[in-house]
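What follows is a structure written as structure tokens; I'll ask about it next.
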Amino acid sequence: MAGNSFGNLFRITTFGESHGGGVGVILDGCPPGIEITEEEIQKELNRRKPGQSDLTTPRKESDKINILSGVFEGKTTGTPLMMVLYNKNVKSEDYNNIKDAFRPGHADWSYQKKYGIRDWRGSGRASGRETAGRVAAGAIAKKFLSQQGIQFTAYTLQAAGIRCKEYLPEEIENNPLRACDPKAAKEMEKLVIELKDKGDSTGGIVECRIEGVPPGLGEPVFDKIEADLAKGMLSLGAIRGFEIGDGFSVVDRRGSENNDWRDESGFLSNHAGGTLGGITTGQTILFRVAVKPTASISVPQKAVNIKGEALTIETHGRHDPIICPRMVPVVESMAALVIMDHLMRQKSIMR
Amino acid sequence: MAGNSFGNLFRITTFGESHGGGVGVILDGCPPGIEITEEEIQKELNRRKPGQSDLTTPRKESDKINILSGVFEGKTTGTPLMMVLYNKNVKSEDYNNIKDAFRPGHADWSYQKKYGIRDWRGSGRASGRETAGRVAAGAIAKKFLSQQGIQFTAYTLQAAGIRCKEYLPEEIENNPLRACDPKAAKEMEKLVIELKDKGDSTGGIVECRIEGVPPGLGEPVFDKIEADLAKGMLSLGAIRGFEIGDGFSVVDRRGSENNDWRDESGFLSNHAGGTLGGITTGQTILFRVAVKPTASISVPQKAVNIKGEALTIETHGRHDPIICPRMVPVVESMAALVIMDHLMRQKSIMR
Amino acid sequence: MAGNSFGNLFRITTFGESHGGGVGVILDGCPPGIEITEEEIQKELNRRKPGQSDLTTPRKESDKINILSGVFEGKTTGTPLMMVLYNKNVKSEDYNNIKDAFRPGHADWSYQKKYGIRDWRGSGRASGRETAGRVAAGAIAKKFLSQQGIQFTAYTLQAAGIRCKEYLPEEIENNPLRACDPKAAKEMEKLVIELKDKGDSTGGIVECRIEGVPPGLGEPVFDKIEADLAKGMLSLGAIRGFEIGDGFSVVDRRGSENNDWRDESGFLSNHAGGTLGGITTGQTILFRVAVKPTASISVPQKAVNIKGEALTIETHGRHDPIICPRMVPVVESMAALVIMDHLMRQKSIMR
Amino acid sequence: MAGNSFGNLFRITTFGESHGGGVGVILDGCPPGIEITEEEIQKELNRRKPGQSDLTTPRKESDKINILSGVFEGKTTGTPLMMVLYNKNVKSEDYNNIKDAFRPGHADWSYQKKYGIRDWRGSGRASGRETAGRVAAGAIAKKFLSQQGIQFTAYTLQAAGIRCKEYLPEEIENNPLRACDPKAAKEMEKLVIELKDKGDSTGGIVECRIEGVPPGLGEPVFDKIEADLAKGMLSLGAIRGFEIGDGFSVVDRRGSENNDWRDESGFLSNHAGGTLGGITTGQTILFRVAVKPTASISVPQKAVNIKGEALTIETHGRHDPIICPRMVPVVESMAALVIMDHLMRQKSIMR
């Protein structure tokens, strides 16, 4: 249980640093017989990779996926899939200036305290590039689940202070923010570009809908669906909050307003976001995550070095002014890993 | 991994339904040599038990703890502690009317769908009484950790729409809301009583501070401290959201505002809530959870029975108009279980 | 992962010492809808309990099972079953003389070294009584599996130097040794009584057959069926060896002799004992365990006390001259736990 | 828990098939600051690789290790080490004839039954080449543990019916059998060559000594040291039995003969093999495993194809007439993984 694995039956273990040999994942417990190609996985990875638009870092990363095991003649075999993205175009010298300094908002200092050693090149293990392995495994889960009618749709709901007013899923991939409302997206884009030009960054809210989930998934009492979703989401570096259904807005409500009533036609509302007692009801699962402003900015900042001395840090690397659009496929992937795992768990107790 | 266990090295497994033989916990992995008495554990349980004030259900439960194993001559032995609260004063007949009906906001329907069978007496396994086992184990974690200077303080930050304006920790146990601001507490109390008289309920926000945590706890990448805290909190039936540090309020901020700067004197702010990259920094860990209005109310509600037929449900049991005050010790306990587990994990890699 | 749990999906956690409040088990992950009564479980426990014959300790233990949770109206509900045997008739004063002394062949010394503290009454956690929880959970697994045509039959194959020559399963429960050959059983009995009269003990071999297991159970590469069986068996205090199929006798053989050939009619032999590559073939699983002579004897023995001083120990308690007959139901139970877990794991990957 | 991981805190997950992209391992939970080079790991892998002598298959495999992550400037960083051996010189066409046939003694048939699909090239996932990942991780454990005075020495004790009479550890690496007695080794060699010339194979016993283990390692009740060693050993494809200390030979003994007595000078014997109650005593841990004759032989054998039709199989590949010498480093590695994991577990409970 060393911290780099997620899931029980459909279980991933990721590895790699941004400037080592590569990053990737072992997916263990994948059911046999799933048709999968590197191209299908690559498609998801391309949604995550840098350089997609003006709103993402122009940093070029080699995001080419290589499946080294577990697939034979185009199908999963039931044995572990090891998938790796080799690191290329790494400019470690860019990071020489932070070798002995701890950047604000980064894990530099806490890793040093934990391990007494850290790979300081490009955030090392704490790099967002680690999530590529999650997306690769998530792509397989999503494919399997989509064949059972389960769909994952994440999108930027709010960014730079602007909130979407409409939900137009077909528009999500048509704007660089991956927002669900093209009008709001335009405003967001303008504000983000302004911040980018100042070397600054902003945050946002990513929302995710999971449709078609059968009732009965989730385990009492600790492995509730929302508990595992929350863990999956908070395991992403930039996420500072999670809420399911109406989330924090329920706190001022009355019970008589918040309970989802029901008649012969089914549920009359979905304040709960698709679960009761941690177990799916068959309604749409809906959750949101708070994405912090990217920590990497080029504004001068107060920091300390390894000797504890104060200094001013200015990092002129290639960074994302907002991480939400690239977070969208990652959120979908983590959600898919959770649902896949629980689907398999539920199968194990059925006759 | 069957859903009723939490933690890796300091690991609990809870059992029990509200109307069966009892509820309780096995705590496995407890370090040897901790001095502990049933009285110390009872004290924490008493903070959770019903009937403490006008704001909690007058339902009487036998919350007496019995340690059956793992303690010898007043000290833990390193072997599993089994702790049980036998069920007494159970009025199963109160629940006859819901035997075949699914109460809104409860897990009745989802359990039925999952298992094809459910113990319908008093919410069965989904009863809040299940948390007694967590509190019992948490009491031991809290004692161990307090000896290392780590303190857990949870309190009601917001209830019935009123938010605390001051943080006066010494006042928390002096008002029935367990709010950190006695003035706000008075207002909350008035509003909650009004709702109670109408047979309705409300929700709130519980905040928790963990002080004295050494830097370096938490595991990259999935078992980040905030990921495990989020999972622990969302594993509580009434919790709909979790946020750490400034949480959802960071989403509209700039990176230059949100990064916690540092100089020789230490961190200059704590927007992050005590972790960087999922690893503790030594700052206070601060998080909040959204508590939904109690689902059990006596207002008539639309529901269905086991045949799918519509009906109106009115439950005139003995229920809490707000669950926050009783949630406070539970939140502290879950937090203590997380920190204890990570402290032991960190020890295992140190020389 | 604190050492007191076994299994992944069908998972038990045992607790208790021989002289504390009781011993028992939480069974988590039990499929819902299994009809089970305390009587059925008691029947298995009675095969394990002391005082069954001249060959088992006359010590009286309360082996009455109590199911406190997870069963409703005679059926499992899918939630954890907690089952406890309260300790009664405990004579802790019998053990006063070993309070500060370390008995040969017992875990006294190693527990003291590990934990710095131990419950010295009646072997504490290392007592054979701990296995009652395994047997209780195993009884449920056996019932479930028998309905799917899977049968577990363990028996004493060898004892006090005498080996069975015939396999007559219907005779197993008809002799105090639980040997599969009544003639051999007579000889064994005579020799064991002689040793008992001298205050000494002996060991033996228990063999187990698992019939009706479908092909395809077992996980590459670490969770091979024989790996999990071996772990389960060596987790029993008195077991010193495990072998599957022809076991140690294959080492001098040629490959051409040892490979199990096959034709249209099926396998032509079963040297492998029912698995290939760790996965079941559908043939009978056959394994054997080496049971050491009971460590508790009344012959004077050299030992040391807690100060490291030499002394002579004579323990005149009530002990088993041979543990094999009582080990038989325990071996069956552990085997059933392994097969049940793997059956559920296999279900989880099937469409 | 999908079957391809081993260990709790020091945890490996292996991947790969003999004819896919490569085989390897993720080692998660490795303490930071261990100095390690690819050369040190390669040295251990070279002991495992084919083509070392007349007694091992002349098949050439690329056994070159590549560390892709988790090591920085020559030291482990605490993050996952991914180590891979790319597959080269693979002649998949050699296996065309077994594409639809199930070789005796191999996992072909059971994999097909389990998954409905299998990578039939060179035994696929069930290939002995999978153990390279274990050896790579084991090399790191061995290095760490050797710095704490813990040494692992495995060797061939018996082969082709010949048993060593002496224990001369310095001779082990000087004979192709890795036997501990050079005289016996000569005899073994002669017999093995004879069998090899006939296209047949033989088995043997590998014994392992672990010296310098501190007392107190091992967890009651399921994760006893011998239980985890047994599991580790039986997770190796060719192992059919495991025994610790005097193992199966204790079954005919008296308790008074078998108990290890003690006086001021320490233990007077070590029948138990270094553990009591599953916890180490500080004595040498001694265990033996039964290695079956290599299943791959060129003698004609009866088998069936995928349609269930009988056929005769003759495999004229490049195979080992005995696997013991190459098993020696694998046994040491698995033992080191077990001890390392338990050392870290013990650290976690100590103050």
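Labels for the chains are A, B, C and D, by order of writing; each one numbers its residues from 1.
To be clear about the criterion, a residue touches a chain if its C-beta (ideal position, glycine included) is under 8 Å from a C-beta of that chain, and two chains touch if they have at least 3 such contacts.
Quick caveat, the model's predicted, so the values are computed rather than measured.
Both subunit C and subunit D are touched by A, B.
Among the remaining chains, D is positioned farthest from subunit B, on the basis of C-alpha centroids.
The distance from the centre of subunit A to the centre of subunit C, with each centre set as the mean of the Cα atoms, comes to 46 Å.
Each chain gets a centre from the mean of its Cα atoms; for subunit A and subunit D, those two points are 39 Å apart. Residue positions 1-5, 8-9, 14, 29, 32-33, 78-79, 114-115, 125, 220, 345, 349 of subunit C are each in touch with at least two other chains. Under the stated contact rule, the graph of chain-to-chain touches is complete, every pair of chains being in contact. If you check the complex, the residues on subunit A that touch subunit B are 1-6, 8-9, 14, 102, 104-111, 113-115, 125-126, 130, 158-161, 195, 200-205, 215-224, 226-235, 237, 240-248, 250-264, 268, 272-273, 275-282, 290-297, 299, 301-304, 308-310, 345-346.
On the subunit A side of its complex with subunit C, the touching residues are 1, 8-9, 29, 31-33, 78-79, 220, 344-345, 347-351. Within the complex formed with subunit C, the residues of subunit B that make contact are 1-5, 8-11, 13-17, 20-24, 26, 28-29, 32-33, 66-72, 75, 77-82, 84, 114-119, 124-125.
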